[in-house]
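These are the structures, in C-alpha cells.
Both of the next two complexes hold subunit A, though its partner changes from subunit B to subunit C.
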Partner chain A sequence: MVLDLTMSMAILALMGALATIAGCLEDLESDVGSQSNPNSQVQLAPQMNFLHRIYNKAISGEPISNGLSAVTGGIVTTVLLNAKFFPLLAIVVGAFIAAIIYGIFATTSYAGRVASQTRFKQPLYMDIMRYTTPSIIAHNFVVCFCLVAIAYIQYAVLGYPFTIPFLALIWGISVGAIGSSVGDVHYGGEREFQNREFGCGLNTALSGRIVRRAESGLRNSIDNVWFCAKFGGPATGIGLGLTVFFSSWPTTIWGYTWTAIGVGVFIVAIMAVMNRLVEIQVKNAYGPYKEDKTEKEAGA
Partner chain B sequence: MSDIKEISPNTLALFGIIGGLIGIYLSPLYPPFTSTFGALGAICAVIWGAEAVRRVAKYGLGTGVPSIGQIAMGMGIIAAMFGLAIVKAMPLAGPIVSLITASVIGFIIGWFAQNVIKMKIPVMIRCMTEIAAAGALVIIGFSAAVAGSYDFTRSLIPLVFDNGVMLAVFWVGAMAMLHPFNACLGPDEKQKRLLYLAASTGAITMAIIGIAAVMTLGASGVITLLLGIILWLIFYKKFWDEVYKDAAAVVGTGLIPKTEA
Partner chain C sequence: MVAIDPTMLMNIFLIGISGTLICIAVHFIPVGGAPAAMAQATGIGTGTVELAAGSGLVGLITSSYMYAYEPQASMALVMAAGAMGSAIMLASTMLAGGLIYAYGVAVPFASAQVKKDPITGQRQDTYVSKGTQGQGIPTICFVSGVVGAAFGGAGGGLIYFVLMGIYSPLISASAAAVAGVFTMGVFYVNSVIPSYGVGGTIEGIHDPKFRRVVPKDTITSFVVSLICGLVAVLIAGGMV
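And now, the complex of A and B:
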C-alpha cells in the first residue's frame, strides 16, 4: 500500500505509541513475577533463610518468554484473519489466547520452583498465585496486543514481506531485550536491595538478602509493580518507543535512500555521545571512584 | 537423589525416538485425520528432550537452561530441513535422515563444548546429541501435525514455512522443551514432576499447533486442538498433584515462617 507522507507519519506515530505502551507494560509484567535478572535473587533468598512472599516467575529470560507470547498471538491472529475476522477482533483474540497460555507457564514456574525448594522450607502461597497470575496475564495481554498490532500494521499497511508471526516474534524478542536491559535495574538494584546504599553494588555476602517487608505488612509482587511503575516501566516504554520511532523515521521521510542511511548513522552517533555523557555524569555522581577517594582521605 | 527411583535416560531416549518416529510416520496415513499423531509423537520427543536438558543443565548452568532449549531447536531445525529436503526420491527416509543428522550436529557441538571450550561437563556430548535429536523430532512432528505430512516441498513449504507457522513450532517447541527444567530448577527438583510438566508444555504446544492446523487442514485441526487441551488438563493436574506432594507447605495465605535469619 502506497501512503503519502502525512499518512506515513501518522502510521509511524501510532507504531511508536504502541511500542511505548508495550515496552512499559512488558517491564511491569516482568516485575510482577520477578522475572529475568532480579529473579536470581528471589530464587536465592530461601537458600539464605530469607523466606518470602514474592512470585517466582521463571519463564526463561524476557526475550524468550515475550517471544513466546508474541508468536502465539501472531499465529492465532493469522488463523483468524485467514478466516475473515475483523483485524482488531483477530488481534484481541490472539493476544488473549497468548496471554492465557503465558499465564499457564507462569503458574507452573512459580509452583515448580517453590516445590524444588522444599529443604529451605519455602511455602507455596496460593493467595499470591491467585491474585498475581491474573495481573501477569493482564499485563501480557496489553503487551501482546500492542506487538501483534505493530506486526499487523507492518504486514498489511506498510507491506513488509514477512508474515505476522515472524514480525511479532521479532518484536517480542526486542521488547524483552529492552525490558531486560532498561527496566530491570530499577527492580533489582533499587527495590530488592533498597535498604542498602544506592549504587553500592551487590556484594556476594548480600546475595539473596532481599527486602521482604513492605511499607505495610509483607512485601509481595504487586508492591514491586507499584514501585517500578514510577520509573522503570515508563523508561522501558520510552526505550522501545524511541527505538521503533528512530529506526523507521529516516526511511519514512527520505525513503530507502542513502540519505536515510546517513541520517540513521547520525542518530546512532548522537545517541552514543549522549550515552557517554550520561555515563560520565552518573559515575561522577554515584560511582565507586568517589568512595575510594573518601576512603583514601579517611585513611590518610 | 539416589534414593528416588528415576526412569533411566536410555528408556526415555527409546520412548522419545520410537514414539516420535511412530507419530511422524503415522501422520500422513489418512490425511488430514491422522495428522494429530505427528503432534503426539512430538510430545514424546519433548518429554525426552526435557529430560536431556535436565541432565545437562543440572551442572550449574542455572541461567543457561533457555539457551540449551534454543540451541536444541536451532540444531533440530537445521537437521530437520536438511534431512527432509535431501531425500527427494524416498520421502520415507526423511525423518530418519533428519534424526541422524541432528545427532551428528549435536555430537559435534557437544564435542566442541567439551574439548574446545572445555566446559568439563561429563554428560555434555551425550546430552547435546540427545537434545538435538529430540529437537529435530519435535520440529518434524509438530510440522507434520500442521501440514498433514512431512513431505518437504509439497506440504511443509506451503503450509508451514510460507505462512510463518514454523516460527511457532520453533519457538513454542523450544519453550516446551526448556521450560520443564527451568520451572523446576532447585535443589529438590524431581524427575517425575518434571516429566509431567514436560508432557503438559508439550500438550500446550499441541493445542497452539491445533489452532494453526485449523487454518491449514480445516476441521481436522480441531481434533489436534481438543486432544491437546485434554492432554494438557490431565498432565497439568498431575503436575499440581506432584507440587502438593513435594512442596514444603502449600498454604492459602499466611506469614513467613520463622527462620534463623
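And now, the complex of A and C:
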C-alpha cells in the first residue's frame, strides 16, 4: 500500500515505539526468568555450593524461544483474522495464547533444570515458581503483542511480501538477539556479580559465585528484574527501536534508491563515532589499571 | 539425459556465493559468547549463530521490501538494501550494548588480541582487567562487526533475489514466502559452519583466529551452499 509521507512517518514512529517496548520487555522477561548466557552462572552456582532462589528456565537461546513465541502469536492472529476477527482482538488473543504456551515451557524448563541438579542439593522452591511464572507470562504477552502488531502493520498496512507469522518470527529472532547482546550484559555482568571490584571486568575466578542477598532478604528473580528495569531493559528497547526505525527510515524518505542506501551508511558511521566517544570516556574514567601504571612508572 | 541449463547453473553458483558471503560475515562479527555477557571477554555477549541470523534476517526484511516495491531494482540495489538493514541492526545493538558495558557494568573497552587498536591507535593491553580476555566493544570490533553484518545482509539479499527470479514465474503469490523461508534456512546453515571454526568467540578481522579459520570455513560453506542452491532449484520442479 502506498502512503503519503506524513502517514508513512506516523506508521514508522508507531513501529519504532512498539519495537522499543518489545525490546525492553523482552530483556526484562529474560531477567525475571533468567535465560541466555547469564543463566550459565545461575546453573553453575549450586555446583560451587552457592544454593539460590533464582528462577532458572533457559528454554533455549533467547532468539529461538522468542521466535517460537512470536510465530505462535502470529499464526493464531492470522487464523483469527481469516475468521473475520477485529485485528486488535486477534493480536491480543494470539499474544495471550503464545504467552501461555511460553509459560508452560518456562515451568517445565525450571522444574527440569533444578531436578537435574539434585546432586548439588539445589531445592526447587514452589513459591518462586508460583509467583515468578505469571510474571514471565505477563512480560512475554507484551513482547508478543508488540511483535505481532509490528508484523501486522508491515503486512496489512505497508504491504511487505512476507506473511504475519514469518515477519513475527524474524522480529522474534531479532529481539532475542538484541536482548541477548545488550540487556543480558547488565544482568550477567553487573547484577549477578555486584560483589566484584568496581570499574573492571569479571575475574574468571569468580565464575558461579553469584550474589544471593538482595537489598532486603534473600535475592530472587523479581529483585533482579527490578534492578535491570533501570537500565538493561530500556537500553535493549533503544537497540530494537533504533533497528526498526532506522532500517526503514531511509527508504521511507528517499525512496528505493541508492541515496537511501547512502543515508543508511551515514547512520551507521554516526553510530560508530558515538561508540568511539563512549569508549574514550570510559577509558578515561576506569583505566588504565593501577598495576600497569606502576609498571610504567617503574619502567620510566 | 536432462539438458543442463546455464541459467540454472548460474543460479546455483550465485546461491553458493551468497552462502559463502554469510559465512565470511560471521567471522567479522565480534562475538564474545557467554564470557562477554559477564564482561570477561571482548565482543558482543551472545552466540555467533544468534547474532548473525538476527542481523541477517533484518537485512532480509529490507531487501525483500526493496525487491517488492522497486521492480526494476538491480541485483546490486537489493543486496545493498540487505546490507544496510543488517548493518543498522548490528550497529544499533553494539551501540546499546556499549552503553551497558560503559555505564551499567563500568568497564573500559579493550581488545585482548592486539596491543593497539588498528583504527584509533590506542593502547588496549593496559585496559584489560585481571582475569579477563578483554571487555566491551572497542572501535576495531565495532567497525569489523558492521562490515560483517553488511556482508551477511548482502548475501541474504542475493539469495532472495535469485530465488525470487526462480520461483516468481512458477508460484507468483507464494514465491516470497518460499524464498524467504529458504533464505532463512541458508542463513542458519552458514551461521553454524563458522561456529565450529571460531569455537564460540572471535573479536573480528584483527583476531589471529580470523586468518586461521576463514579459508577452511569459506570452502566448506561454498560447498554446502552449492548443495543448498541445488536443492532450491530442484524444489522448483515440483511447482510447475
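Throughout what follows, the second predicted complex is superposed on the first by the 287 of 300 C-alpha atoms of A that agree within 3 Å, B and C clash if a C-alpha of one lies under 4 Å from a C-alpha of the other, contacts with A are read in each partner's own complex, and residues count from 1 in each chain.
Simple rule for what comes next: a contact is a pair of C-beta atoms (placed from the backbone, for glycine too) under 8 Å apart; a residue touches a chain by one contact, two chains touch by 3 or more.
Just so it is clear, the structure is predicted and the values come from calculations on it, not from any experiment.
With the C-alpha superposition on subunit A as described, subunit C and subunit B fit side by side in the combined arrangement.
When the two complexes are overlaid on their common chain A, residue A:159 makes contact with subunit C while staying clear of subunit B. Using the contact criterion defined above for the overlaid structures, shared-chain residue A:114 touches subunit B, although it does not reach subunit C. In the superposition on chain A, A:90 contacts neither subunit B nor subunit C.
For the combined arrangement built by superposing the two complexes, subunit A sits at the apex of an angle of 70 degrees to subunit B and subunit C, based on C-alpha centres and given in steps of 10. Touch criterion met: A:61 reaches subunit B and subunit C at once.
In the superposition on chain A, A:40 makes contact with both subunit B and subunit C.
By the touch criterion defined above, A:149 reaches neither subunit B nor subunit C.
Applying the stated contact rule after C-alpha superposition, one finds that A:127 touches subunit B and leaves subunit C untouched. By the document's definition of touching, of the two partners only subunit B reaches A:72; subunit C does not. A count of residues in subunit A touched by subunit B and by subunit C gives the higher number to C. Aligning both complexes on chain A leaves subunit B and subunit C separated at their closest CA atoms by 5 Å. Overlap of the subunit B and subunit C contact sets on subunit A: residues 40, 61, 64, 162-163, 166.
Partner subunit A is touched in their complex by these residues of subunit B: 62-63, 65-66, 69-70, 162-165, 167-168, 171-172, 174-175, 178-180, 182-190, 193, 197, 200-201, 204, 208, 211-212, 214-215, 236, 239-240, 242-243, 246-257, 259-261. Remark: subunit A residues 36-38, 40-41, 61-64, 154, 158-163, 166-167, 170, 173-174, 176-178, 180-186, 188-190, 192-193, 198-207, 231-232, 235-236, 238-240, 242-243, 246-248, 250-251, 256, 258, 260-261, 264-265, 267-268, 271-272, 274-276, 278-279, 281-283, 285-289, 291-292 touch subunit C in the complex. Against subunit B, the residues of subunit A that register as touching in their complex are 40, 43, 48-53, 58-61, 64-65, 67-68, 71-72, 74-76, 78-79, 82-83, 97, 101, 104-105, 108-109, 111-127, 162-166, 169, 209, 212, 218.
Against subunit A, the residues of subunit C that register as touching in their complex are 33-40, 44-47, 49-51, 53-55, 57-58, 60-62, 64-70, 73, 77, 80-81, 83-85, 87-89, 91-110, 120, 122-123, 126-132, 134-139, 142-143, 146, 176-177, 180-181, 184.
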